[in-house]
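What follows is a group of structures, each given as structure tokens.
Here chain A shows up in two complexes: once beside chain B, once beside chain C.
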Partner chain A sequence: MTFLSITRRVFAPKILAVIVPAMAAAAAFATANSGPSPNTGSPQGSIRRLTEAQYRAVIADVFGDDIRVVGRFEPDLRVDGLVAVGTSAVSVTPGGLDQYEELARGIAGQITDDAHRAKLVGCAPGVDDPDGAKCARAFFTRVGLMLYRRPLTPGETQLALATTLASARTLGSFDAGLAAALTGMLTSPDFLFRIDAPSAAGRSVGGYAKAVKLSFLLWNTAPDAQLLAAAGRGELDTQAGLTRQVDRLIASPRFTNGIRAFFSDFLLLDDMETLSKDQLLYPSFTSAVSSALREQTLRTITDLLVTRHGDYRDLFTTRRIAMTRELGPIYTVPVSAQGWTFHEFPEGDPRTGLLTQASLLALHSHPGRTSPTLRGKAIRETLLCEKIPSPPANVNFAVVQDVNNPTLKTTRARLQAHLNDEECASCHRLTDPIGLGLEKFDGAGQFRMTEHDEPIDTSGSFDKLAFRDAASLGELFHDSPAVASCLVSSVWRYATGRSIGSSDQPVVAALDARFRAQGYRVVDLMRSVALEPAFYAEPAMFPAPPKVAASATPRKAS
Partner chain B sequence: MKMLPTPATWRRPANFAFAALVLLTASAGLAADSPTGGEPGVRTFVLSNIYLASPQEPGACKTLAAGGWESFLSMLPAEERAKYAAPEKRNALDARMNEYFGFKRIGIFAKDPGGKVAPAKLPADFKRGDPLTAERAKQIGALNGFPKDRGKPAYQNQTVAYNSCTNPEDFPQLEKGYRLYDGTKAVGLNLDGKRGRNDFSSPDGGQGVDNQLWRAIGCVKIFGEQGDRKVAAGTFISGRAPTLIELRGVDDIRNDPDVTVNIYGAADAVTRNGRREAQAWASFRLDPDPTLRATTHGRIVDGVLTTDPVDVHLNYKEQIIDSPRDLRGARIRMVFKSDGSVEGGFYGYYTLASFYESIEQMTLNGANFSGVSCPGVRRAIDRLADGYRDRKTGRFTAISSAMNFFGVPAFIIDGPVASVGMQKPLPARDPS
Partner chain C sequence: MTHAQTSRRSFLMRGLIGGATVTVGIPLLDMFLDGNGEAFAATVGGGPLPTRFGTWFWGCGMIPSRWEPKQTGANYDLPPQLAPIKAIQQHVSVLSGFDVPLDGKGNLPHISGNTAVRTGAPAEAWQEIRAPTIDMLIADAIGGGTFFRLLNLSADQNAKTSYSFRNGSSMNAATPSVEALYEQIFGSDFHDPNKADFKPDPKYIARKSVLSAVGEQRRALLARAGAADRARLDQYFTSVRELESKLALQLQKPPPAEACVRPDRPASLPANADMTDTTTRRANHKLMAQLLAMALACNQTKVFNMTFSAAAADLRQAGETTGYHQTTHEEPIDRTIGYQPTVDRFATHSMEAWAEFVTELAAVKEGSGTLLDNCFVLAHSECSYAKNHDVSGIPVMIAGRAGGKIKAGIHVRGSGQAISRVGLTAQQIMGVSTDSWGLDAMQARQPISELLI
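Coming up: the complex of A and B.
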């Protein structure tokens, strides 16, 4: 029997037992709703698969940064604008299970290798422990708590122990046996999924589930030992105890990771990692630059919103931007610092605010040209939470795509010609004015004055208010109530992993009011969400508990 | 020393290799600047390659100058010549030449891949991993029987060598088969204001071009190849220690009667963009070495900058070469192109000392593969030098030359700078 077959035999039925109901629940959601959003109109608990970033963060937290996570992940799914919502709708395919198993084997192999086992395992079979049972029990008790984000049940501990010893006998090595059992644990649904287990009282999720929700919201990783201990003591069930932990998590430097994770999801910044441009047209836009642009936006956001506890709306008018030497050529600015620094554009500069950051400008452009439509659509959907219909299948883009048209030299002129088709015009009137306001930034986000030697007109209107350029468009966004409201509803969707339902609406409205009253501080908004009882509401439509020994064991009430 | 013309007498119709390019770009608007593209009135360019420009004259150099191997081969008796003539016999020929002339190669710590090196005596304070520098190579050479005070030992990786490039004067036999450039055209300017019988015409028809360096080396294979404009455009020579040209007081980039022109050595490397070209608008710190800085004045007419003569000391750092180029009385002529880049050249007198140093630092292997006869090059330049006569010896100390360049817009920044040493890495970037 091989290492692989041992873990498969022991753990595959378990993961399928959880995944199948989860998939069934997802299917039920999908059936109940015409769209892809898992939304039943009332809060429900969820099973949310860890994202790749979360998986990596948890492994680094539990075992250290030097444990390499090498392999492919099941792709994340964006639902209702957020991967966070998609985590409630995805499962693990058989192929995905293979990938997770490969990842797990690689991790387990490193933990038990000579370089790491002394530190990470910390014990070995000996005179007092001839088969290593005590050592394995100590290891899984300690590590299992961190990986499952709750204490292992006696049955789970026994399963890990039995797997270790059986595998050790088969494979002729205690460490190999330990690695086999750890591999199984890392492919278990209790690790791969965040499961909102209900509390014994039944009104909210249990204490450990609260800790998980809190930690992933504020740190984008699993709870630390202190938070798990607080959960174990029932402290998260009291307002004082919960507040204490929320404030501790927000005060931690790791809170920045949580904010980065939200904005990365909210602004689709992860897509920057695979963004490419036509190198003949935009030679400065390399893959390294694309990654740096993502980092630039996240650093700019966290600097304003976390470090300086700033007003979210100022993100649309700030002239301060994170900068590195690598990005100097994109922005045509000198950069003295060797690492990351901050650059302040002068007053009156067109580079003002989030809308003019090259990350978003490049992300919502074609590989070889700008697209006011894509930019406008993305901004309306992302920052204003509006829905823009997809274009009809038979639309003719010939005029828009003909960038060398001798008479229609600017994108505005080409789009205007396209708008002569009334069927297209209804949506383009929504998207294009905003996008045309950003036309002085090319498809790679670089500033330009002309297009085919024609001056670029960036004037337009947003919400019936006129703007002359990107900077004044940013000012309108700063003052737009819809922009602030969209952020609040997006944070709620991100936190809960579901679309806004009817029962969510009053909660979101209250959060929105508080957000305004508190001066549009995102840190305070996150705190409000983390303290919001509805965030921990009892699962209303929780899938049937997995019918396997470990999961069937009643969990400790919290 | 030859008389240099004054700027007024030199102001004449374009006698310049790419006047056609000027015409092409004269009517084109220059690329729009960023609204925050640096200090007003200041334009800076980083040069991605400074190269000895070839006129690419059809029919010239039908027979290339013989390299070291070819020269040695011609010295051998017919029977032996036949034995080593085939290209696949190059290693054997190389060994025979080393044996014949007593060339030495010292493997410092391990046998080199060829297995032909002698065990080395090393300075007591020299340890494995220490950087091999010119000074170290000299010390090691002295300990291992290299002729004292004769040239500069070549070095690469873990090998130090003494050969005909180390000291070309010692091996005149290897000049055999060397030949001078026989064309009538050369890139450059009329530096002395005269039209002598040895002068060239430029590819665009200019007369009296002074470029005796090209006459000396223009038929050497490697110089001909590297001097080709297309090849040069895709090559970064001394890219890790580039040269910057800064213009100050620019009121109009197409026409300005007086701009200050600063030439600097940079402490940061040129980076490549996605088209494998020099990245525009990158930021560069200045090398603190004051000898790498020079200032002159110039004027821009119809998008072409020309400067007054100035002595310049330009970095030239490659894998094993650290041999700054000293040009006396160099003028810059530079065209501003519609895409914001520049193309131009330094036209002046290349000092023999700095050129010979670059030859001496070549490894013999590299020279042979490149078709360079170091003694041939040395002897030719000695004969053709035409500038800056030494009052004591009566001999010229420099040779007229044309070094073209390509450049893209850049920024000069303040900041802590480490001198760009031969094998000294730049400070690591902040990992944050």
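Coming up: the complex of A and C.
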């Protein structure tokens, strides 16, 4: 990556604007887009490690949400902007396996304890079943289907049975033996990884693997019994059968979990859980507030996109926001209701649209102050799918960031000095104007009018169009073709767990065209992806990129 | 798992349980330790004291004129930023002036230097490293026969702060807190090596047996996987074998370790403690260092990494708008003193933390000396002068005598030689069989002879 190369992960907006119909123009992508940049190569695996959220969801689905999952998980790897793509690159380290085994023992121990045994195991050794073999067989046949997302092979059932009985003898208890065998199942690769078994025909994945793809995309958890049964009957191999299940999954309240999981990944919202701010400078910003801000953004998104079946672009202009009492001080909004409610900011209020939500504003700031550069870089990279290079090594930032500079009082004035250096300017012209448009929100996302008693100027331009403040910047994002295209390509990368390769480009172009034609409805986009044959294609059908590599984790720049 | 194996295992298990409180000697347990089993390393307990290897990392380097000693050899001078190591100077060698030759590659701030020191080649992202980190190479060679092949710790409470990688997509997560570290080492799985009697707990037999069964799925699964996935699955199964080995050790009476005393569970820091605040970080780091020292003395591991502050250090002082990293770039040089005063303060704090770390290892008596004498601790940062991300003269220090294999307390000037010579020296001292290390312009063939006995 050279310093000056700014690569778009998808394609430039101006190119996009003329691509109608997209399919006809698909061939043009090969030349218009230089393909995946060297730093955004795609892992080509067809095996994806469950994320922490998925692991937790599956345990809750199979055993109930009173089963506590206590322990640490191996950290995720973000590749090409998404943890979902990283799941195709990671394995399990020795330390990670220690953790998984410990988690598994904790879960299995609860399932076989006095409080849960009757309900979750439902049988025990008895006169008819002296060593409990029948009971164990029934348990693992039922639970194994849910945990491995396919029926166990006879060998696997036999193994679970043998492990149960041998461990029961070792430990002197049938329950302990059952827990040991269940621990093995929860530690095994068939549970921890999603492994796409091919169909007999070999052109697409098999029925159960289809069910897994579908369910993790739309619900962010393993398939339910109904979906597995449909897979077992071969229904997912027909368009009618597949459509029936896709529509059922989308109509379910659990579809919201799928949308939340996508936006959590897309907007890096999981990082809010570890975000901290200086308590002396931002006393309102506690870790509880940080969690609530993440929740606020997710609730605002699902309300607009799922509950109201809204237009994705309106996310950038909406004045309706989820609110809870805890966030009142951050937004200086009185909140009387208990729990979550919705608040509508008045027309003309600076709080308008996703860009002005305190989650993103705080996430892309320093612990003690704002950073227009970090904000602009993050917005370009996440919402516009661009890659902003890291700064060169030898930069003198002194003028830029001397917050006590007597003549350059505002961040804008200090950053302006930066632009006198052409090497810096090439990237900062991309990042800073967007970030400066958000300068009326401090490092914790709270509104302010001045910095060092100087009024803050939030005007600027985005893609050569002028804006005067955060709200009008949101309007430009609403109308930007790049914003919509980036969402489509991100959903596709999220769904497939890989970067966009040349075989993906016509698919993404077609999805993009349909997304526009259908009024930018994210629910419809998810449906299109779930019905897309390429989503179920054997990974081998996609040519491997030159090398497996990952983009660097977004760094704190200046 | 074949039927025959199941019966053999369960037969042995029954025999053991029937025997109730038998003290099981190693010869009997060798029967359990089939292909996957492992005995305690010969160097652990009883025999010669083991030599341990560790890294200690701090972010944002130093100010060269305030850190680099002027005199080489023993009794080197201590410039202001090195003053904190005065009390332990005889244990600490300083290596200055060793460079990262970029060889036409870019200098990715806070990444190129660190990847170069740890993998022998600069990379522009950790995900693009071309070789495993040095701790992995040494752990592969000497880490067997202890409970943890590698202990990876970070004092900032972030499991993702880790510079220990098998490859670009396989990072060893850090144990992020004092509580987690205590539980990991001295929790319910800990056996006091100095206790007279030992009763193998059948639960470890069951756990190991379950994992053997998981491991036996390997062949079937690899047959179903494509080439890209095969390597990842192999890595998973290697981790399974590793845990099996660990459980095999749980079935043996640990060899005695004279310096080992199970520490009390340390008091937790307040839940809202600001871990970016330098004072709080140091307190947390010190508690972790104490537990680590005892983990080493108790033969729980022979290889460790400790990160005091991340690359592009996130350290701050509570109440200040600007943290250490930003300050390195922003703070004007005070012309009356000739350096950045706040940066100087943070760099000095980092050296104080290093001194505290070394002091904890030196406080544990072992044999005729101390635990530190049996260690090779490689401390380094990701850059020298952070203001411009300089990767020439990245500061390096080595604490300990590696069981008498290296000299301690000297200053060696690298005069621009590749910093990979440090990593090569560490590997050769620690028993990795290699005569060169590093890639391209960083390939080193000569260890740092001044350090060798």
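Methods note: the second predicted complex is superposed on the first by the 495 of 558 C-alpha atoms of A that agree within 3 Å, B and C clash if a C-alpha of one lies under 4 Å from a C-alpha of the other, contacts with A are read in each partner's own complex, and residues count from 1 in each chain.
The rule is short, and it goes like this: a residue touches a chain if its C-beta (ideal position, glycine included) is under 8 Å from a C-beta of that chain, and two chains touch if they have at least 3 such contacts.
Treat the numbers as computed from the prediction; the structure is a model and nothing was measured.
Engineer: Should A:Q279 be classified as contacting the first partner (chain B), the second (chain C), both, or neither?
Structural biologist: A:Q279 sits against chain B and chain C alike.
Engineer: In the overlaid three-chain picture, which partner chain does A:R448 touch, first (chain B) or second (chain C), both, or neither?
Structural biologist: Once the two structures are laid over each other on A, A:R448 reaches chain B alone.
Engineer: Quick check for you: in the superposed arrangement, does A:R325 touch first (chain B), second (chain C), both or neither?
Structural biologist: Only chain B; A:R325 stays clear of chain C.
Engineer: Who does A:V523 touch here: chain B (first), chain C (second), both, or neither?
Structural biologist: neither
Engineer: Which touches a greater number of chain A residues, chain B or chain C?
Structural biologist: Answer, by number of touched residues of chain A: C.
Engineer: Could you look at A:V92 and tell me whether it touches chain B, chain C, both or neither (first, second, both, neither)?
Structural biologist: Once the two structures are laid over each other on A, A:V92 reaches chain C alone.
Engineer: Let me test your reading of the model: by the given contact rule, A:H366 touches which partner, first (chain B), second (chain C), both or neither?
Structural biologist: So A:H366 only meets chain C here.
Engineer: In the superposed arrangement, does A:A138 touch chain B (first), chain C (second), both or neither?
Structural biologist: Neither: A:A138 stays clear of chain B and chain C.
Engineer: Using the touch definition from the top, say if A:P350 reaches chain B (first), chain C (second), both or neither.
Structural biologist: A:P350: touches chain B, not chain C.
Engineer: Quick check on the output: what are the common chain A residues between the chain B footprint and the chain C footprint?
Structural biologist: Shared contact residues on chain A (touching chain B in one complex, chain C in the other): 279-280, 286.
Engineer: Can you list the residues on chain B that touch chain A in the complex?
Structural biologist: Touch residues, chain B against chain A: 29, 32-38, 273-275, 277, 279-283, 411-415, 427, 429-432.
Engineer: Which positions of chain A touch chain B when the two form their complex?
Structural biologist: Residue list for chain A touching chain B: 277, 279-280, 282-286, 325, 328-329, 331-340, 345-346, 349-351, 447-450, 453.
Engineer: Which of the residues in chain C end up touching chain A in this complex?
Structural biologist: These residues of chain C touch chain A: 1, 3, 6, 9-10, 13-14, 17, 106-112, 124-128, 149-150, 152, 158-160, 166, 168-173, 176, 180, 202-203, 205-207, 209-211, 213-214, 217, 221, 224-226, 228-229, 231-233, 235-236, 238-240, 242-243, 246, 272, 274-276, 312, 314, 316, 318-323, 325-326, 329-332, 387-391.
Engineer: How about chain A: which of its residues touch chain C in the complex?
Structural biologist: Chain A residues touching chain C: 1, 3, 39, 43-47, 72, 74-75, 77, 79, 86, 89-98, 101, 105, 159, 162-163, 165-167, 169-172, 176-177, 180-181, 183-184, 187-190, 192-193, 195, 197, 274, 276, 278-281, 286-287, 366-369, 390-398, 400-403, 539-540, 544, 548-553, 555-556, 558.
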